Amino acid sequence: MDTNVLHAYVNGQFVPEEEATVSVFDRAFRSGDHVYEVQRTFNGTLHGLDGHMKRLFKALHYTRIDPLMTPDELGAATTRLVEHNSKVAGPDLDLVSCQVITRGSTKTLLSGPPTVIIYTQLLDMSALARTYLLGKPLITPGVQRVPAASLTPRVKIANKMSLMLAWLEVSALDPEAQALVLDRDGNVTTCAPGSGFLFIVDGVIHVPNRRNTLDSSAMGFTLELAAQLGIEVREGDYTTFDVYNADEAFTTNTKDCIAPVSKLNGLRIGTGRPGPMYKRLVTAWSEAVGVDIVGRAVGLLPVTEREELLAAARTT
Amino acid sequence: MDTNVLHAYVNGQFVPEEEATVSVFDRAFRSGDHVYEVQRTFNGTLHGLDGHMKRLFKALHYTRIDPLMTPDELGAATTRLVEHNSKVAGPDLDLVSCQVITRGSTKTLLSGPPTVIIYTQLLDMSALARTYLLGKPLITPGVQRVPAASLTPRVKIANKMSLMLAWLEVSALDPEAQALVLDRDGNVTTCAPGSGFLFIVDGVIHVPNRRNTLDSSAMGFTLELAAQLGIEVREGDYTTFDVYNADEAFTTNTKDCIAPVSKLNGLRIGTGRPGPMYKRLVTAWSEAVGVDIVGRAVGLLPVTEREELLAAARTT
Amino acid sequence: MDTNVLHAYVNGQFVPEEEATVSVFDRAFRSGDHVYEVQRTFNGTLHGLDGHMKRLFKALHYTRIDPLMTPDELGAATTRLVEHNSKVAGPDLDLVSCQVITRGSTKTLLSGPPTVIIYTQLLDMSALARTYLLGKPLITPGVQRVPAASLTPRVKIANKMSLMLAWLEVSALDPEAQALVLDRDGNVTTCAPGSGFLFIVDGVIHVPNRRNTLDSSAMGFTLELAAQLGIEVREGDYTTFDVYNADEAFTTNTKDCIAPVSKLNGLRIGTGRPGPMYKRLVTAWSEAVGVDIVGRAVGLLPVTEREELLAAARTT
Amino acid sequence: MDTNVLHAYVNGQFVPEEEATVSVFDRAFRSGDHVYEVQRTFNGTLHGLDGHMKRLFKALHYTRIDPLMTPDELGAATTRLVEHNSKVAGPDLDLVSCQVITRGSTKTLLSGPPTVIIYTQLLDMSALARTYLLGKPLITPGVQRVPAASLTPRVKIANKMSLMLAWLEVSALDPEAQALVLDRDGNVTTCAPGSGFLFIVDGVIHVPNRRNTLDSSAMGFTLELAAQLGIEVREGDYTTFDVYNADEAFTTNTKDCIAPVSKLNGLRIGTGRPGPMYKRLVTAWSEAVGVDIVGRAVGLLPVTEREELLAAARTT
Amino acid sequence: MDTNVLHAYVNGQFVPEEEATVSVFDRAFRSGDHVYEVQRTFNGTLHGLDGHMKRLFKALHYTRIDPLMTPDELGAATTRLVEHNSKVAGPDLDLVSCQVITRGSTKTLLSGPPTVIIYTQLLDMSALARTYLLGKPLITPGVQRVPAASLTPRVKIANKMSLMLAWLEVSALDPEAQALVLDRDGNVTTCAPGSGFLFIVDGVIHVPNRRNTLDSSAMGFTLELAAQLGIEVREGDYTTFDVYNADEAFTTNTKDCIAPVSKLNGLRIGTGRPGPMYKRLVTAWSEAVGVDIVGRAVGLLPVTEREELLAAARTT
Amino acid sequence: MDTNVLHAYVNGQFVPEEEATVSVFDRAFRSGDHVYEVQRTFNGTLHGLDGHMKRLFKALHYTRIDPLMTPDELGAATTRLVEHNSKVAGPDLDLVSCQVITRGSTKTLLSGPPTVIIYTQLLDMSALARTYLLGKPLITPGVQRVPAASLTPRVKIANKMSLMLAWLEVSALDPEAQALVLDRDGNVTTCAPGSGFLFIVDGVIHVPNRRNTLDSSAMGFTLELAAQLGIEVREGDYTTFDVYNADEAFTTNTKDCIAPVSKLNGLRIGTGRPGPMYKRLVTAWSEAVGVDIVGRAVGLLPVTEREELLAAARTT
């Protein structure tokens, strides 16, 4: 691999990103017949790769796609790609890596080889600074969560149009907003386009019933940290009533780790600003991954923008 | 375009099929963030293209993807591609043409151009002969139809994993079977991997409630023909009870036009063979498109296979 | 009644509005144990009073409240109050009249007399001019319609908190917006805080399934006019997909009569402006009630505001 | 305040009950746009006021009504009213106090002040004696619980018509009966017109899933007492099958504290009489509030009625 | 067959009723693995036997039980039994005949012969007089209709425990009452233990959605008569609100033909007495079957009872 | 009782099996109006009779059938019958005993005596050997579990047609398959025709939510053994996704005790063969009941068949 060029992996080959393409006859294009996984690095090191591979292979077994690779092989290819691209990106940038596995070509349906893709994306943490300091607004969309009776939400399947619609619907109303998607019984599930959700009442973490949510690595790691900190966790069927009256609320995902929520449907959650439990959890995250998550995101901002943001965080 | 080579259309260019590729960073790969349409030719002429374009643009409006083309422009590009590829394929072969439009690259999310693909597939009608003469078995899977509250079924969105799972589940039990997918109330909806469903009771066509089904061109055309033939049509919530006791049942889709169903969950429908209403409707189809649909499919079979099949159709 | 003072009716007495009060022990306060009706005048004459009384007495029978009055007696008291208050208001103003009937005092539960209230409100049609010319935006809230299995939506029961929450949720995002409330299956039902909803596809009026909606007088009158105009009407289970792809959409209620919808969840409906079917229907309304509905609303605006509004209506 | 007259609190003023009124233009009348709370005294002292205020302010936040008072201020006004009215009532009577907060006048919608009411009611415990000794019959109505997806059941909102209908439906069949309201899945939820429900199997308290029920103070206090007594509590989805086969069943509410259930739909629960667990719990209640709850209710009866009731309790 | 003794048919033999037995190893006993049909005679002649046989064979196909008889053979055996038993019963009595077909013995599961039973019951129409003149009360139970997704309601399957529980629940509250069973959405379906339901609003017959109800012969015949009389029929999803506000309501079943409903949950329907539409329909029934249905039922009463009943019918 | 003849118990009498019959007028035949229980012997001794009697009497109370016997009396009659029939069967055979209690004769509805039946069946364990060694395939049918809102699944009621249809549907596709029945939310519940279901993930037993399942003795006993072995048990809402990715899965019922599952919908579970947890649990079962369950079943096979089966178990 040319050490000056970002690469991707396509069906066994490491190729420069520009050459990383797939035939239009791939089943991804006509059917959405594929699964995927996403991880990120901290200081150039992939976090929790084994867990991600385990979840990916559950998705593959469930969708009856045979990748013709073992989890170890796919993990090794990912690691190699990340190591290469990290060097290209330089020591100051983190990466998100993503595996996509499709059922292969429409032309050889069910008999041909799968398509296996690995690529990375540069991670600009400064884009997260505003959310870390001020919190993000959530809005409940009209679109409901796809029920588990139709398709499991527990693993990453590349059928995200319902979540996309939820997100497009709310971001048309507030460009900063994410969608807090409800199930048909009005229970909160997950945030669109793609984050876990949890909230705090009286010092206890509340997480939505897992039958409606991704077996999320970022959520799982957050709950591990909570256990280490002695914070109680309850899983259940919660509605907007619970969230409106929560003390704090957060989202989790691979890229953001954990981010505070400022309000739901225009109604502030708690003080509307990152609270003490957020600080405790993001500190634990930072220690665990060896990066001051909020500090780094803020630190990467241009000075003026940073000052304005810090002022905003103080005054409201 | 080289007149000896099948081509495809990718983002404004007609390219040989082998060169028709899309970057792995396309949103199709990680999110399934795209819509599509499918048509076929009869004797080299596209059937119902305008209706397909109209439905495609409803899908685009619903998913908030702007193709940066008009329906006429997309239709014209399709027609041009089909004309070219039909010549390559020769006068005896029909084509299926497919448009795929994605939200574009993950790298330019919501601000970059969409990806627009058109490709064709050669249509081997002989593969349908067995179904036309003996009927296809249906099985009700455990996987439920994705409800309209989560994602509309009325247009073609490339999020077909739920239907794929339904089909994989039943074809693991009987390789010839398709899945007759139920909604959460046990109503029959559509067949997986992708066909409409209708059945006959006392000379009346019964079609599942359209809130659960694709606004299908093949179904729509069948019902137009039925109207011309003076056959009554009822739309409603029907269950397997209705189908088990139907006189005949059919599937419709772009490729097959209309095909008979032999049994449901191992229980024969009517005589278990194509019945008089099937013959009436497929004849009307054949006249409308200028092709003897069943005759052509059977005629394309090797002689021995054809004889065996015709014998099987007579004896059972 | 003092001819200079607006009055209200409370338990058999006509009293000046300032003296029109009810004990805090009324069951309205602790339980919401009451029903109501609303009508309006055009040029001082009540529109459709008999129909409103009929619906009110269905509500009373259903809730087992005996008003100790006949529909005719309640209608007569309303007419007398409206005649009086119309004179006070002067010839240029219209009125909304409202009857409220509660189960009576908590102190005499189920054995004491009901509370019967009639009051009027002055109707400022100029406030509707902006909506009539530019249309109103709708947003689908996360709050679901109260299902008929719990409480009928068909008559006016003073238990509107769910609709209030739906409206508050969306107006926090866009102060001009109303909520297009969905049922648990994602079907569109009614607009909050309180209007009927209909939309046009290919010249046909589509109205939500009546099992989820008020037996609305304004909707009913609109459909009567449509019948006279030879416009086809279909009732069914419709989702946001249908509305996004509609040619036009409207709301109906007692005060507005019929008003155009500009967009749903930020996505324009049709051209995003009042269309030809709207103009046809509001013209028929205007002729039927003897008032140029849009013209009057616009005419009541101050000149500058009117000009700006008309300019806005032309340019977008 | 005149020390001979019962007073109420209306918008900042303590007024004699007869003068405690609210304008018919209040939003309570046309929309049911208000929330409330209820407490009672034992020996003249309010029980659990802080908890009630906390729940009321959750209701206010959820419904976006700003009372323009703090919980402490509202609590203080309540305490002052209760102290005054307790003196008027005399040392032998207990009181129920109730706060009602509406969104204010229809004339100043969303911009005017709220309406704040506090009133009390005299509590005649003798009316409860029959239930305490013989148990109350429950009947499952056809009306279903309003689902949390439409309106939270967790706090007191003055939209009780659905519960009223449930109660009217069953009390038309048996005037002593209360309604054990089911959700759409047939799970038991709460009793109408307004009590919590719990039952005993093998010495364990079973309470309905809290997503369907009020965060009830009386229930909460009962479960606290159970914890002190070492009685296990399970929360879950229970159906009539569980209740029919329970050893004992009870209702809880502010006024009754805890009352035994004799039968469900005509089928006795356990022996059909207050059982050992009831006696244990009502004894704990009595000790905690300093009043022999059952003894006092029975003691307040006229002698003849008391003797008959005690005889009935012994013989059945 | 001994002409003095009532007989039954068991597996090909006509035997005296006392000897008509089935082994305890029959699958009816452990599984409820059987279907059935019921008809009645008018003046000794079976009514609508062919339709009943057609429905029975749909049930058999659906449940995959092969009776080893044709519809004609089973009909002929029934006719012969009815002729014999009618003679035994004498010319003044009518009969109900019933076919039961089980999957056979547990000992020969799926391989042995089915069990085929035909028996009759004497029909005492005087027991219906009270209902015909005064109407029957209905109550909505808590038990919900078994959904079609689990078992079709369209044919008679001997799995009636859910309906039995619904009926036992309401008859424990009012011994004369039948249960008007609701589905999970609160729609009225059918009456337990076993009658169809319809109601009248403004001269139009309303019948519950057929997806939830038996394809009832008595209902079907009623609707045929209505068509002959030019009465409009609407099928839909109706709730108790519709029934409370109906002008009249009826039940239909094989034995009663058509019977009036007096009230629902204690609330009268219309006048609470048989109305003009009832009289029109029962007259049409009487003419069609050659029996004055109400007159005969009343005429069979003892004189005193008859006079009291007629007086009651006049005064209320 | 004749010591050479197997007997049954019918309404108080022990009679030879051939004479054990019930009148065709029994309510079992027309309504499925009965409940039942099933137990088995190990080495001639009934296992868990008291628990079965307790569950049976819950079923009787729920269905309002009075057996006119105590649990002890019914248990004693069962024990006596089993002792007798065990002697007839000889020392090497086990028995299944079954109690059936119906509401009695249609001729004396609700006033006559119930029908009480007890019978036994010889248990041929060799028929289970194949399943014990190779596992059984499961298929998810389209038929949904009857919901608890309609009829409790917690006790044995003779209304099994829905489960029969589920089983017939899948056994038509694979004669060895059982149906893993789903509820309307896609949660796994129970296996048809009649077994409990559990699965293993990471050494933890997962059982479906008990609101959807029988209070099964075999399952209960399995969980007791698991507790003794220190195996954790979780109860929850699980879908096919969980089962596809489980390490092992089992069914439990009275006859089989515990049996391994090989695959679901054609997709293997774990290795597709009995795993270590199965071996641990069946060993514990064997020790508890004093019979080597798998060993005995295999040992009863003819030698050739046994050898083939053992070879198959080794090679796959």
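So that you can tell them apart, the chains are marked A, B, C, D, E and F in the order they are listed, and the count of residues begins at 1 in each.
The definition used in the following text is that a residue touches a chain if its C-beta (ideal position, glycine included) is under 8 Å from a C-beta of that chain, and two chains touch if they have at least 3 such contacts.
These figures come from a predicted structure and were not determined experimentally.
Any chain touching chain C that also touches chain F appears here: A, B, D, E.
Over half of the residue-numbered contact pairs at C-D are shared with one candidate from C-E, E-F or B-F, namely E-F.
For the two copies, chain A and chain E, the CA superposition rotation is 180 degrees, given to the nearest 5.
Averaged C-alpha coordinates put the centre of chain A at 35 Å from the centre of chain B. Averaging Cα coordinates per chain places chain A and chain D 45 Å apart.
Residue positions 62, 64, 143-144, 147, 149-150, 172, 182, 184-186, 267 of chain C each touch two or more of the other chains. Here the chains touching each other pair up as A-B, A-C, A-D, A-F, B-C, B-E, B-F, C-D, C-E, D-E, D-F, E-F.
On the side of chain F, the complex with chain E involves touching residues 8, 10, 17, 20-25, 28-34, 36, 38, 62-64, 98, 100, 102-103, 106-107, 117, 119, 121, 143-147, 149-151, 157-162, 164-165, 168, 184, 193. By the touch rule above, chain F contacts chain B in their complex via residues 139-144, 169, 172-174, 180, 182, 184-186, 240, 265-267.
Looking at the complex, you find that chain F touches chain A at residues 182, 184-186, 236-239, 241, 244-245, 267. On the chain E side of its complex with chain B, the touching residues are 58, 61-62, 64, 147-150, 152, 154-155, 209, 211.
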